[in-house]
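Structure record follows, encoded as structure tokens.
Chain naming follows the written order as A, B, C and D, and within any one chain the residues start at number 1.
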Amino acid sequence: MFHKATSVAVAAERIPDGATLLIGGFMGVGSPHRLIDELVRQGRKNLTVIANDTALPGTGIGKLIAVKAISKLITTHIGLNPETQRQMIAGETEVELVPQGTLAERIRSGGFGLGGVLTPTGVGTLAADGKRTVEIEGKVFLLELPIKADFALIGCHRADYQGNLQYALTARNFNPIMAMAGDTVIAEPTEIVPVGEISPDHVVTPHVLVDLLIEKGQ
Amino acid sequence: MDEKVLIAKRVALELQSGNLVNLGIGLPTTVARYLPAGVDVCFQSENGLIGLAPVPAKGYRNENLTDAGGGPVGALPGAAAFDSCMSFGLIRGGHLDVTVLGGLQVDELGQLANWMVPGKMVPGMGGAMDLVTGARRVIVAMTHTAKGAPKILKRCNLPLTSVRRISLVITEMAVIEPTDDGLVLREVAPGVTVEQVVAATEATLIVPANVPVMAIAVDEPETALA
Amino acid sequence: MFHKATSVAVAAERIPDGATLLIGGFMGVGSPHRLIDELVRQGRKNLTVIANDTALPGTGIGKLIAVKAISKLITTHIGLNPETQRQMIAGETEVELVPQGTLAERIRSGGFGLGGVLTPTGVGTLAADGKRTVEIEGKVFLLELPIKADFALIGCHRADYQGNLQYALTARNFNPIMAMAGDTVIAEPTEIVPVGEISPDHVVTPHVLVDLLIEKGQ
Amino acid sequence: MDEKVLIAKRVALELQSGNLVNLGIGLPTTVARYLPAGVDVCFQSENGLIGLAPVPAKGYRNENLTDAGGGPVGALPGAAAFDSCMSFGLIRGGHLDVTVLGGLQVDELGQLANWMVPGKMVPGMGGAMDLVTGARRVIVAMTHTAKGAPKILKRCNLPLTSVRRISLVITEMAVIEPTDDGLVLREVAPGVTVEQVVAATEATLIVPANVPVMAIAVDEPETALA
């Protein structure tokens, strides 16, 4: 077994300027908040971020938006963060809007070694612009491409020291999917428990996917 | 009665026992308050839960239990939590009986636009494109006009949410059903005339000989979710 | 809430001759054994079965093979059931062999409303015969079609009376995926517990997918 | 030493601490017994478990805890169970470091055939096609010949498992690595000559100036899994 627990500062230092990051959470719920704060503190710039949303100004990924740490954003909904909308309309931040189910499947297909996603969602809409369509048994589907990233930043409820992860209620959202699709996976658990305390049936993300665990702050 | 309450009450009549229902952020969320007694539906929140319950009192809330707007919510005994792929698998795979969504525009083809006003408002589609594409029934709950300007048009001029024909539009003035033949006026609100609906609608409406008034009970108790 | 618990005989009667069945389990582990026994007892014929394997002769789906209840089989591995191999070679039973990961994704894509699966598995092999390929960013993928069925027969560990399901260890396998892809889903739990006894975080198959629960035998 | 034991011992030397490893049914499963001391690998079973442990004593087994052959197995503290999509997502998605599989034929392109003999034996590919396509390293563990007939051929004449070039073939006679240039003879077994390997192989072998003997310890204790 390998020691994965480290400080949030050391973990964030692994992430260079310009990196591509999958960041879990839904309106900040289930996001790795201490990692986000530390990236802001360390002044990280020019990040590409893939995430469901940018939460509210001053919350979760909204903090990275506020300091303009993100140069490119792939997301589904920015309706509750006026600053992200402003940056998009002003052309200050490149924003790709993706249907939520499509974003989830694109990340999954990256992590699961598939060639892409064939979805009926978005056919005939702006979401289809520039994309291939495939007709299958008389129905038309969009071919959506896989997403992978240099890092996946995962918020979770419990981890064991080996890196098995559990999530709580609606804080699960994109986290387990993203844990499959990051070259390096950094998980920020609320608590770390001894190996063996999580039943094999209750592990959602197996430890082999997780590279680093953020230890409790002082 | 407030027009949004009227819309929510009328939408609530569309829900049937056993339905799995997804309510969009805003007005649609309020539909849960007006479920008729004895109607036992199950609510999904696309951020990953089946079994939403009313917001608990302060002190009983949990930061990891929220609705799709990020607001606190409750969970019934027997609720189930899952990830975003599963949530949209339920939606896209035909397992969701009804979705209720807000709308910016609906047109004569029954197509909905509800996710952006180019150059002005770019909230993003969130789950709306999947919901409109995948749910068995799609109900659009919206005000009939925007500051007097019709929202039910011959053709949407805002970006579409889906090319799929929605099931029903419910406004504070009318219930309108998109069909093969066009938009059929199914009901008018109490105190509203067919002529007033037609005048407030850009799209051509097919008006049957008999257009009943919405069966809205004015004094219904406010119960259940949210 | 709706009453879903019924006897195995009544549940099996819902399934007509000629029906298409997804049946969970891996070498019999996690299969709905009482349902299988009852289909044999009731003499069901001409079934199309989609399942990982046919277990051993006299075990699980092997019992349906033994009485020739299956006219068409879509499966990944029949190496441990010589009778299935014999019926395939003799042309008595139509057998389509599918890579295991592909079978899982095909069923998932049926249940998740996707148009198909784009997989690198099987490219250039017999598994690609008659199938479309799609080139994506310079790599070739097979387009594998979704699978759905009239019924999904699910073995599980615990259910609540509403139909939320949990699985045990390697008995999970294809069961949760199949529960998404059956028009009617019949689950055979080891035990049924009161609603609320299963934590929302431990529910693997949400109750809305489940139509019938098999009650304990006498 | 039994030739299957020899193969398993040599395969075991390929595994490194931290690897996630999938062992095929049969001979490959026995590899776990011969892990060198201090090498800490993690085993996946494609029926849905990471953290396989040796078969427990009778009385400590569980009918819901089996390997891919359906036989009883154990689980280490910290094991994780999952469904078949996740299991093959791990395999296809590049999360599996090593797979060890049996083989019927391997050819000069490094392609493997191991899942059927048309008209005679149709076990099916099970997880083999995904494993060979997706694992980072694919090690084929097989006897060098079948009743004297070579199994390492110029071209496979049985149906291929994948067009992907495997990483290594380990037999009771040799270790052979498929490369851009062809099959390179990397090692011979104790007591076996290069000439004997070449004679038992239909494919052309590239023979380096120095071909070492496998570093197999004869008296290694049998430990760990299965």
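Basically, a contact is a pair of C-beta atoms (placed from the backbone, for glycine too) under 8 Å apart; a residue touches a chain by one contact, two chains touch by 3 or more.
Everything numeric in this text was worked out from a predicted model, so none of it was measured.
Chemist: Treat touching chains as neighbours and tell me the shortest step distance from subunit A to subunit C.
Modeler: The fewest touching-chain steps linking subunit A to subunit C number 1.
Chemist: Write down the chain pair with more C-beta contact pairs when B-C is set against A-B.
Modeler: A-B
Chemist: Of all chains present, which has the mean Cα position farthest from that of subunit A?
Modeler: Here the answer is chain D, farthest from subunit A.
Chemist: Could you give the separation in Å between the centres of subunit B and subunit C, each centre being the mean of its C-alpha atoms?
Modeler: Each chain reduced to its C-alpha mean, subunit B and subunit C end up 35 Å apart.
Chemist: Take the average of all CA coordinates in subunit C, do the same for subunit D, and state the distance between these two points in whole angstrom.
Modeler: Their C-alpha centroids are separated by 29 Å.
Chemist: From the mean C-alpha coordinate of subunit B to that of subunit D, what's the distance rounded to whole Å?
Modeler: 56
Chemist: What parts of subunit B, by residue number, touch at least two of the other chains?
Modeler: Within subunit B, the residues that touch at least two other chains are 49, 75, 81-82, 85, 88-89, 91-92, 134.
Chemist: If you look at subunit A, which of its residues touch at least two other chains?
Modeler: Only 105, 108, 112-114, 119-120, 167-169, 172, 200-201 qualify.
Chemist: Chain pairs that touch, all of them, please.
Modeler: A-B, A-C, A-D, B-C, C-D
Chemist: Any idea which subunit D residues touch subunit C in the complex?
Modeler: Of all residues in subunit D, those touching subunit C are 45-49, 62-66, 68-70, 75, 81-85, 87-89, 91-92, 116, 119-130, 133-134, 159-163.
Chemist: Mind listing the subunit A positions that touch subunit B in their complex?
Modeler: Within the complex, subunit A contacts subunit B at residues 26-30, 52-53, 55-56, 75-80, 85, 88-89, 95, 97-105, 108, 119-127, 157, 167-177, 204.
Chemist: Once bound in the complex, which stretches of subunit D touch subunit A?
Modeler: 18, 20, 40, 42, 49-51, 75, 77-82, 85, 88-95, 134
Chemist: Any idea which subunit C residues touch subunit B in the complex?
Modeler: 1-2, 108, 110-114, 160, 162, 164, 180, 195-196, 198, 200-201, 203, 206-209
Chemist: Which part of subunit C faces subunit A closely enough to touch in the complex?
Modeler: 105, 109, 112-120, 134, 136-137, 139, 141, 143, 145, 166-169, 172, 200-202
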